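You will see two complexes here that share chain A, one where it goes with chain B and one where it goes with chain C.
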Partner chain A sequence: MAVDTAPAPALVDDRAPARHVKAGAAYAVLGLLLVLAAVAWLGGRTTTIAFDRTLTDASWEAPTFGVVLGLGVLCAAAGAWMLVGLPQRRFKPASAVAVTAFALALLFWAYSQEGTVFRAESILAGALFLSMPYIFGALSGVVCERSGVINIGIEAQFLMGAFTGVLTANITGNIYAGMAAAMVAGSLSTMLLALLATKYQVNQVVVGVILNLLALGFTSFMYDQLKKADGFNDAFSVPVISWGPLADIPVLGPVLFQQKLFVYVGLLLVFVIWFLLYRTRWGLRTRAVGEHPAAADSMGVNVNRLRYWNVTAAGLIAGFGGAWFTLGNSLAFNKNMTAGLGFVALAVMIVGRWNPLGVLAGALIFGFTTQIARDLSAAGSGVPGEFLQMLPYAVTLVVVAGLIGKAKAPAADGVPYNPGDK
Partner chain B sequence: MRLELKGLTKRFGSFTADDDIDLVVEPGQIHAILGENGAGKSTLMNMLYGILQPTSGEILIDGEPVSFSGPGDAIAAGIGMVHQHFKLVGPFSVADNVQLGREHTRGAGVLSARAARQAVLDVSEQYGLRLDPDAICEDLPVGVQQRVEIVKALSGPETQLLILDEPTAVLTPAEIAELLQIMRNLAEAGTSILFISHKLKEVQAVADRVTVIRRGKVVAQLEPTASESEMASAMVGRAVSLRVDKTPAEPGEPRLEVKDLTVVSDAGVKVLDGLELTVRSGEIVGLAGVEGNGQTELARAILGLVKPDSGSIAVDGRDVHGRGPAKRIADGLGYIPEDRGRDGLVSEFSVAENLVLNQYRDEPFAKGGVVDAGAVRRRAVDSIAEFDIRTQSPEESASALSGGNQQKVIIAREFSRPRRFLVAAQPTRGVDVGASQFIHSRLVAERDTGTGILLISSELDEIYALADRIAVIYNGRIVGEVDPDTPREVIGRLMVGGSADAGPGPATDPDHPANDEHANGGDR
Partner chain C sequence: MSDSTATTEAPAEPPAPDTEGDEAKPNFIRLFGRYLTEANSVMVTIYSLVLAFLIGAILLIVSDEYTRSTFSYFFARPQDAWYASRDLVAESYTALFEGAILNFNTLASYQAGDAEFGNLLRPISETLTYATPLIFTGLAVGLAFRAGLFNIGAQGQLIFGMMGALIVGFTLDLPIWLHLPLAIIAGGLAGGLLGAVPGVLKAATGAHEVISSIMLNNIAALFLVWALGTAFLHSETQSDLVSKPVEESAVLPTLLSSLNPSLRVNLALIIGFAAAVFTWWLLSKSTFGFRIRAVGFNEHAAATAGMRIGSTYTTTMAAAGAFAGLGGAALALGVANGGITTNTALDYGFSGITVALLGRANPGGIVASALLFGALKAGALSAQPDVPVDISTLLQATIVLFIAAPALVKAILHLRTPRGGLVTLEAKGW
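Let's turn to the complex of A and B:
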């Protein structure tokens, strides 16, 4: 601050903050465990990495023992450095190194079993595709909650979008009409939330829960009805968009230039919404309304009208995310096919700290770990399937605790606004 | 701008907050509005600014009747307002707070950060309000936040009428002097100002005209030359004495002993640094100091809300280490917090419930673990009468009360149970003269029953009126203990880190001491 600056007070350097000590100890222990595990079990094993789509005959063999040992030492060293007092501003980078080293070591370990191959291109491309529902759901949540309305009905918007999308595609024979209809269905669902939250000031969490139940009941009922006739719930597939020669670049090609429309829309939306939130008049007002509605009101911003339209618009995004489940995966609709991913998307929103870029990072972590879990269970690794299903959540816990720390919701999130309140 | 109000009335249900108010503000006039807490001043201003709609009556600007459906209309008509409760978006920068609602864009709704910064710099330069446009508002000391509010109010298109609703309640004396000068400059340039304050000296110093409101009605029009006691009695409706009568203290055994107390904030700053302080029974020790020098942390540490990093605190001869706030309160510790909204009241609870917040578990308010609503209500009815709490009923929620009446609820709660030692932090902040007088005399009466009292106040007047001994805090340390007949200049020097007898203090700006900003920031 240029004005009102006084000499900075002395920092107390003789003790590391409690968070450093806890995180440092945890990383040191985890790193040492890796070293022990490497010595005990990994001698002589190799991890095979293949570029399975572009350079089909090239593969690379790494000695598992040496790699895990090295990463374990790196992780422990970062932890030890924290314990002996590293400067505050180095905390996050050091933490990132430790977490990444630990995760990489596990990966090398997991793919060192006999017969498993880390098919880098397929896995990364699949991870990006699998992160899409989290991106759409969490972005929709970001728009709602940044405006101060809690939307725990993402699951409802997913279901409505998934169902309406495939139904409309069947009726019109046009997959893009299906996508548009999915967006409208998601938006109708949030519009109800917007109306009840702003005009009637009903408790938003209750509305969200009811929306979820309503959507589940409605789509399940319709599914049973439509099953009796033909041609309403057939799978439609979205074409893969291939960017000519770009698609042949190793790793990047399969991951970025050979994906379905959903992936490009999702990535674009992340940056568009980030730009809108932080660089435009609409974004400034939206954040103000979610943070301190009385302040926005006193500056002439119509709080409830802005909230209403934002929440309604957010439904378009979540509804499109719903279409991913059916149209995006070339599947017919099935009862409760979203399987709670709407709630995971809410977790991604929080992990991403209500910021679209954070959402992207969180969604990628989820998508990647989900993909690894699927791949490992398909390859028949020794790890039990239930543990593999837990993997995305366990990794998220570690990342949140180690890297992200306390997340702060918009101050007026979920608080109805009445003009004239103090 | 010439503003005229004709018969303006506002009812909340059956309660009339403002009743048939007539008022004229001439161009370039500073018009002060005086009134007790809950008299209806803020309600009147909120109608003027479009936040509330009048039940009946008319607002005329330059002779033309206007009607505002929201603050946007008022801003467009050239009215700016600084609200009693800050309306700043905490995580936003100063520039973003100022541009909110009238953003600087490069077309297509894309913000221009440079234009927004420049606009803030222009206004701050024009009126001499120093501000850093990039600072994040929630990190700023309250005095600077107040400055942001003023710049915001002045940044409207052609602000010709400025409403200031108790802008000085949280400012330091130096900041107040600065604000009054800004008001004079604005008025000279033709801006009309409506100014609300409980500090009569400020009103005398700056106002051209004074209107007194009591219980929603205009009861007097005074010249600023009227004496303080004339103003006070017009507000209260009876003669009030502005002096506190008290006999010399008769200090007994120590009730508070603080030894070598050190508290380090989350940000790693030593907010209390080896503080030593003793308060005896039957005396009031006034803790003087510029806000942000550790007063907040000391009060919270005594109650047990902040864990000391070293040192000891003994209340009534017993080391309180390891005892939580509930135990300390049960042992006879009373606490009037400085931030009543955060630490003093549960604003959604009723007045009656708030009055027993620290006793609801005990007889007669609870029997066998069940709260006796009848007993709670009876206590509320008694307290409301004894402490003159203006509320529509004991069941009304605390948030509906005006600030001064909320404070009376806290005072009533603390004073209706036996206690050995009392921490009173800013006990009359934002409280009208009549109520302040009442609170002061209760504090003295409390002392006379043998309670030890630590009075923390940023108002030197209050310290002088009540304290039997004055301790000055600076940078988390007691830098001097003096008698109450010590001249102001000496205490003023101590408050900014100088010595009691030497010349000026160190080379810090007196209104922004070294620790101020960071101690505040670290506490959040």
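Let's turn to the complex of A and C:
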């Protein structure tokens, strides 16, 4: 980055102070609101943080008033600094501090109610686990869209994977066979998309939405048909992999070393796909096909064949993510059990700016939001459970609205490539 | 090639009048045969229906336990598998037909004098009842399509319309000529407000309407669950999650209940037809419709011509949402006037997508495909549990998959490309 900006020092000096009125005012107001809220409501309350899995008898009680007040002041201070003017290179860190302080303060506030305990280890471990469908779905989206094919049908691959996974596990009695079948099912679903998008040049957004309806109809239909007999849709559970002594480390142990296979595969895939996309010949070609297919074609890349196989392979990932819904959660299949999370995964992909590492960060935020919403509604906070359940969807809406203009999709995303049209 | 020879031959014929009939006949048959083997939009629609019902039949056979068991000894006695499959498919599709169009048992007892004429009309009435909300949601998706917008949010807009109509329906106490229109308008307004959101977001920030409208669907569905539990909406007499009933003066009058009280089809059907005619007028005769189509064809050209793209997105989505909201009002004031539940909306909004695609976003086509899918829904609901109820969703999605991909139908059946090229629907990417 520094190398890129160096040739034009006269135009952009990242040390010169600059004002950011809108962002600064927003953070300052939010910070002040926190301070006011703390003074008005939070006197005498405490927030209990427990390490519930490793150090079962240790817990830490924080005075909510002081913490929220401090975080509010921090947030407001960051805002004030932006209003006064700060060096350009300090803007992003200052924003990050303000947002984190605000979110933390809300968290402390939410868990200050009587009877609520922030069970740090369970919540963080659960958040990582819940971010998995977003990771698988968004990674599948990244592979498709980096190759220039829009995949709105992630929901379809989830449903197919969830259904086929549990069905195959029931028939064979083996969960790993179920996972493999889920991957194949997801892949068959994207293969149809790939075929229609490359060979038949059909509009990809339309096909994606139809694929979702098709998968919903197909899995619901089969669910009703197979329900008539026993032994096709029983829940199977995936073992938790515990890494011996590593699992006893406070916080890190339960979060990283005591999870199901899905978590390890998901985390590994993020780095594998990042490596493949940015460090291999396949990755360079894929990105080229997504940005400028005609150029890639003239360099000898068979655009539509690469797209076809990339999209088909991406289905393996999303299908595996589908198995998370049934096998990963030890649940039987149910109609429409993915509940729109395939679309949330698309939003995660946009937040992650079509980059696997960004996807990881985005998925963690969404997973954490979902986990907090679940935990708070179970603990019985003042907010109705339905509104907490809306949280991931509302965050998606805000994120998509706030980011999409700034996040740039691959240039040829969604544009069918016809070699004859050059 | 042969097509052009056919047309040039025709004017050369008249000098020999006695051979004209003989010449025209094979010509007509040839032209008709050509038409049948060409991937024009009529034939693609017909072949899509045929292919979808074939696929549905295969799935029925594969997923039925008894029929599957006959395939296990297929090579010993293939006729068992054949008869079992044939009977299963025939029975399932007959059950759909009897639930949607005409029940043969009722027909027999009507001919024997045991049933009234009204009983005979019951399947048709159910079909029309289920088609009514589909006309509205189909228009909601179809209108947005013409502006190049893919409105997946009809489900949420329908739910909001349902709530808007319900609230006006039970809070006010007015004469029917005022109360009913007010309640219907409230439904349209509520749906329109929710529909405008993705339009505004797209205009202001570029957020893709597919994602924002599907998020609003989820939010609206959860909002309905919450709202039904509040004291304001919750029924005073029932403990389960049901709303209050609307006042008598806000109930849509039924059309045929004088023949038989079980005929539920109501005035909303007529309003639906009127809405379709209005949409046709809007799209083809009004300035607003011209703007919608211009933006849908080419937004850059429309912008160059001085049209405001952002406000067109917003108004189109609001109008689309209003249509879906009217569909919600039709439910809340019609079939569900005793109180709405979380289940009242079924999947009308999502089916609206298939209705609009099959109708190729034309008002007339939308009405026709709403009737077809209404029939599927009525048939599936009456045929369950013998036939899984989701066969209607499955068939719908399969039909529109082929409709959206005419090239696929063309390739499967080796059809010819029509002169104007294949007709497809487009929605924009990010």
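In the analysis below, the second predicted complex is superposed on the first by the 385 of 422 C-alpha atoms of A that agree within 3 Å, B and C clash if a C-alpha of one lies under 4 Å from a C-alpha of the other, contacts with A are read in each partner's own complex, and residues count from 1 in each chain.
Heads up, the rule we're going with is that contacts are C-beta pairs under 8 Å (C-beta built on N, C-alpha and C of every residue); 3 or more make two chains touch, one makes a residue touch a chain.
Just so we're clear, the structure is a prediction, and the values are computed from it rather than from any experiment.
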| item | value |
| --- | --- |
| Broader residue contact with chain A after superposition on the shared chain, chain B or chain C | C |
| Partner chain in contact with A:Asp413 - chain B first, chain C second, else both or neither | second |
| Chain B versus chain C as contact partner of A:Tyr393, first or second or both or neither | second |
| Contacts of A:Ser237 with chain B and chain C, given as first, second, both or neither | neither |
| Which superposed partner A:Leu284 touches (first chain B, second chain C, both, neither) | first |
| Touching partner for A:Ala295 - first (chain B), second (chain C), both, neither | first |
| Contact footprint of chain A on chain C as seen in their complex | 59, 63-65, 150, 152, 201, 204-208, 210-212, 214-219, 222-223, 225-226, 229, 350, 353-354, 357, 384-385, 388-398, 400-401, 404-405, 407-408, 411, 424-430 |
| Residues of chain A defined as touching chain C within the complex | 150, 152, 196, 199-207, 209-211, 213-214, 216-218, 220-226, 228-229, 335, 339-340, 343-344, 346-347, 350, 384, 386-387, 389-390, 393-394, 396-397, 400-402, 404-405, 409, 413-415 |
| Chain B partner contacts - residues on chain A that touch it in the complex | 1-12, 17, 279-285, 287-288, 291-292, 294-302, 411, 419-420, 422 |
| In the complex, chain B residues that touch chain A | 46, 49, 51-52, 70-73, 75-76, 81, 83, 85, 87-92, 96-97, 99-103, 105, 109-111, 130-132, 134-135, 140-141, 144, 152, 264, 268-270, 399, 508-509, 512-519 |
